[in-house]
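Both complexes shown next keep chain A, but they swap its partner, so chain B is in the first and chain C is in the second.
This part shows the complex of A and B:
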């Protein structure tokens, strides 16, 4: 794990990475402290105060149901960031297990998972996710399942490739020859050596997940109103686009800044790790 | 690469069967009985007796593998069943909406070339210049802006503020501009970066250095050697993006009320029109597979290093 520590100091020297890290930190802080920071209940409807312009009481105005936009954005970051982190964790851990198993064990296990992967990779990603959600019905849990089904093959394949190249390296061979059990080799030799690459994958995956989850909510297939979520807020404000374009501005800015930050951070990590091309 | 292509072709039948099975099996994910949905769509009261009869009519009473085989038999004859809603053959419906999506995708490809080529190439040639910085900012924001939001931003500025372009629907050429630009932006940003790094790679290659040492004009070096080599990976990747663009049109079509397959499929999802969804998935997967295979073949055919590599 020493290379991670090392890269952290290097990371701090890069301006874009630093800025994106700060933005992510602010967003996470906002999400965690939402109950303290939000001036209003994000789901409290007050039709008499609908579509107000930004003012001292309502820093970013109110939506069509008189709900405070600022409070909704804050609570929305809980849902958006929380859900995408959850997607990322499920995605990466499942792919990690499959990728390591297939890459290290090889043989028929590898063959089965990779042929299965071929089948899932044959579908355009968005199409598979959309259709699975469509079949199972909207909701966070279903999105989570759909995104993992649609994505595992891709990540498992990348991780398998990393493991495969390590398997033949001298230190792993030496450990195997000296009779170190497989589990120990995986845990102490393989995993630490792919950790920084997996971290990069994970960072980029969060950005991807934020985009997709909000996209599904926007289509009405994701998180359902009245739950405050950035995609839901965009969908809600769609009908008021002509009269109150500001309503669409804020959630969009939140999504974009979150995704930009995760992408910039992922790329900076990639650069530090000295990787080229598309991971 | 040739071996890879050969392996791909050998694996293809298995993938095809697998892809068909996944498309078929999706209905198993449905939390309710499709027969009941079918009856409700037909506005028939779903009594137990009626549901039982419908299950037999739709073949849902048979074991799964039998259902799959009979579905597959239909698929081979291009018979995907009928839509629960319109009662028309599903494939006809999808093919009816497909040209609009294809038009959108083709226009998006044009945008991608228009945006990524100049920005990527000149960004690499004038590295760290103001132009390069701006093009990199465009690349980053383009990849991170949700396209449903970008769509509304474009409508706001070009249709509402400037009153230049229509907001939605399909018709004249002007209608295509905004939706296709929205669709293109994400992919274009990827290519700006891909092209830039591919150019930079080739600018540092030995053959470039050698050409410079021989005193060949810089323009000639860039045009004949660097650009030619830099474009190869980009063009093949571009082919693969077509499938993703076709899929990405789902959201864009919904923003701009573009009457394509993407909008149709979201409607079908809300209507629980299962045969349509099954057919759409398989259709997209086959299209995606076909395009990717074609790209691989072109890649082998275009690059002499690969084409002739195995003839030793």
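This part shows the complex of A and C:
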């Protein structure tokens, strides 16, 4: 059980975590202020200016359709970060509700949700997502739904475990002994005590989601061109790898720095919370 | 059931079996207890003999997988018949419970004041200043006067002894009619122990609260309780008025227990030979007979029923020996089993 305030000061003392946090903040800031920062319209095609080297007008050059790479990266971070946050929020809230219900109420509710979860957990994550996308067809919305369907059971199981051990803890028993209503126990004893672990799960989930959304877009299953997105940009620049390697380097760098940052941050939080094992 | 009696709390023939991977733990094997209004009952027994499990189960707070048989009445109402919300309203309000491990019994993320607020507001409306006032009053009574800061501190900032006393205050804050105190002095050092004992005595004198006092410390129990129940391996082996049990113990286990108290004398301290039996897959018959100095052929199949021996004194032993001859007891303990003090 850790105090969140306490964790924050500890977090500041860890270099990798601090660097990750700064990178994440920069990415988020860039995404939020994209319209102000972007020098060009990310979707404006100007074939005459295709494949330019980085220069003052185009800080990171232009792509094969003459679109400003820098602007596209900025707008792309909106899509990548926004979509993966959405996946995370859906995942965490669904699994919070289910995990808490199953862990705290127990009995048949627990049995139903956990057996249902077993079915989802029986398939490898990626395979399940691919199958669902295959059935529903490509597109951002479908990818998001598929990712949540493929992931909720895993998180619900972890959260259920935390709730279960807290439910058996002495201070929850003490609260029951003094006649505290069970909803109050849930809200004031159980939820606050799992919040730091849930934050860690959420952080790691965002990293995972960024990677997968870009990955699916790269395969043509996710976000469709011309929408600027890191995975789409990576895919578009594949044919120019030998002539203009920078075109692939930039979106690749964005994806990896974002994913690595979220993972490092999650790991640091995990370490601070003293959590053992793999999450 | 006698509705006219003043029995406030009654446990009747309670059995608790705990299924585990290794087998069934026979934690409680048919205990019967009753506490009258204003009376203090001391439940004494070695750790692991089932004291905590008994009283938590009696209040319906056992873990879900425990198998329970028997009934408990609080104010002539059967606890297992109450609806969950009725039960919730009884707990804390009519029964105060002092839990065994004060260090683990507080939510680490909320302050002591929030614990008080939560307990009080679960049962009645109270403004923050009312909560503070009654909390401060009680903290003063448990010897935490002058620690105004306590209310705003988090559990980790307090010592075990302080938490133990906060716990007592929390259990008493709604003026329950029954107080169950599970090892209330175990976490404390000797000076604090005597302070808590004084507090219990004062509580007894100044109110008609009934107390179920649980401990492994016979002396502490004897100094407070009106009645003593001796528990061994999930059985009540002896029960009776404090004076009776202390001066005329009938069960060999009780005799051993009384002789093994350090009394600052030059005498050799007696220890009961052997170890308490494992409650896992406990066999029938008297669980003490392998360690007993007066066992006989009847012991392994003895039913463990309590027999009345006059003066409200009950014992469950196949060979009741009315003499309390400590030399006889000591003869049987080998020299290895005695400790020189």
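One rule holds in what follows: the second predicted complex is superposed on the first by the 277 of 279 C-alpha atoms of A that agree within 3 Å, B and C clash if a C-alpha of one lies under 4 Å from a C-alpha of the other, contacts with A are read in each partner's own complex, and residues count from 1 in each chain.
The rule is simple: a contact is a pair of C-beta atoms (placed from the backbone, for glycine too) under 8 Å apart; a residue touches a chain by one contact, two chains touch by 3 or more.
It should be emphasised that the depicted structure is a prediction, and the values quoted were computed from it without experimental measurement.
**Q** Assess the superposed three-chain arrangement around chain A: do chain B and chain C clash, or do they fit?
**A** Verdict on chain A: chain B and chain C fit.
**Q** Tell me which partner A:168 touches in the superposition: chain B (first), chain C (second), both or neither.
**A** A:168 sits against chain C, while chain B stays out of touch.
**Q** So, A:82: does it touch chain B (first), chain C (second), both, or neither?
**A** After superposing on A, A:82 lies clear of both chain B and chain C.
**Q** Tell me the angle subtended at the Cα centre of chain A by the Cα centres of chain B and chain C, rounded to the nearest 10 °.
**A** 90
**Q** Going by the contact rule set out at the top, does A:54 touch chain B (first), chain C (second), both, or neither?
**A** neither
**Q** Once the shared chain is lined up, is A:226 touching chain B (first), chain C (second), both, or neither of them?
**A** Neither chain B nor chain C is touched by A:226.
**Q** Counting touched residues of chain A, say whether chain B or chain C comes out ahead.
**A** Chain A has more residues touched by B than by the other partner.
**Q** Once chain A of both complexes is superposed, is A:132 in touch with chain B (first), chain C (second), both, or neither?
**A** The answer is first: A:132 touches chain B but not chain C.
**Q** Looking at the overlay, what does A:256 touch: chain B (first), chain C (second), both, or neither?
**A** first
**Q** So after superposition, what is the minimum Cα distance from chain B to chain C, given in Å?
**A** 8
**Q** Do chain B and chain C land on any of the same chain A residues, and which?
**A** Touching chain B in the first complex and chain C in the second, no residue of chain A appears in both lists.
**Q** Across the complex, what residues on chain C touch chain A?
**A** Those in contact with chain A are residues 56, 59, 61, 63-64, 88-93, 96-97, 99, 101, 104-110, 114, 118-119, 122-123, 167, 170-171.
**Q** In their shared complex, at which residues does chain A touch chain C?
**A** 1, 3, 106, 168-171, 173-182, 184, 188-189, 192-193
**Q** Please output the residues of chain A touching chain B within their complex, sorted ascending.
**A** 115-116, 118-120, 122-128, 130-137, 207, 211, 214-215, 218-221, 231, 234, 238, 241-242, 245, 248, 251-252, 255-256, 259-260, 263-264, 276-278
**Q** Where on chain B does chain A make contact in their complex?
**A** 11, 14-15, 18-19, 22, 26-27, 29-31, 140-141, 143-149, 152-153, 155-156, 160, 190, 194, 197, 243-244, 246-248, 250-251, 254, 265-266, 268-270, 274, 277, 280-281, 284-285, 288-289
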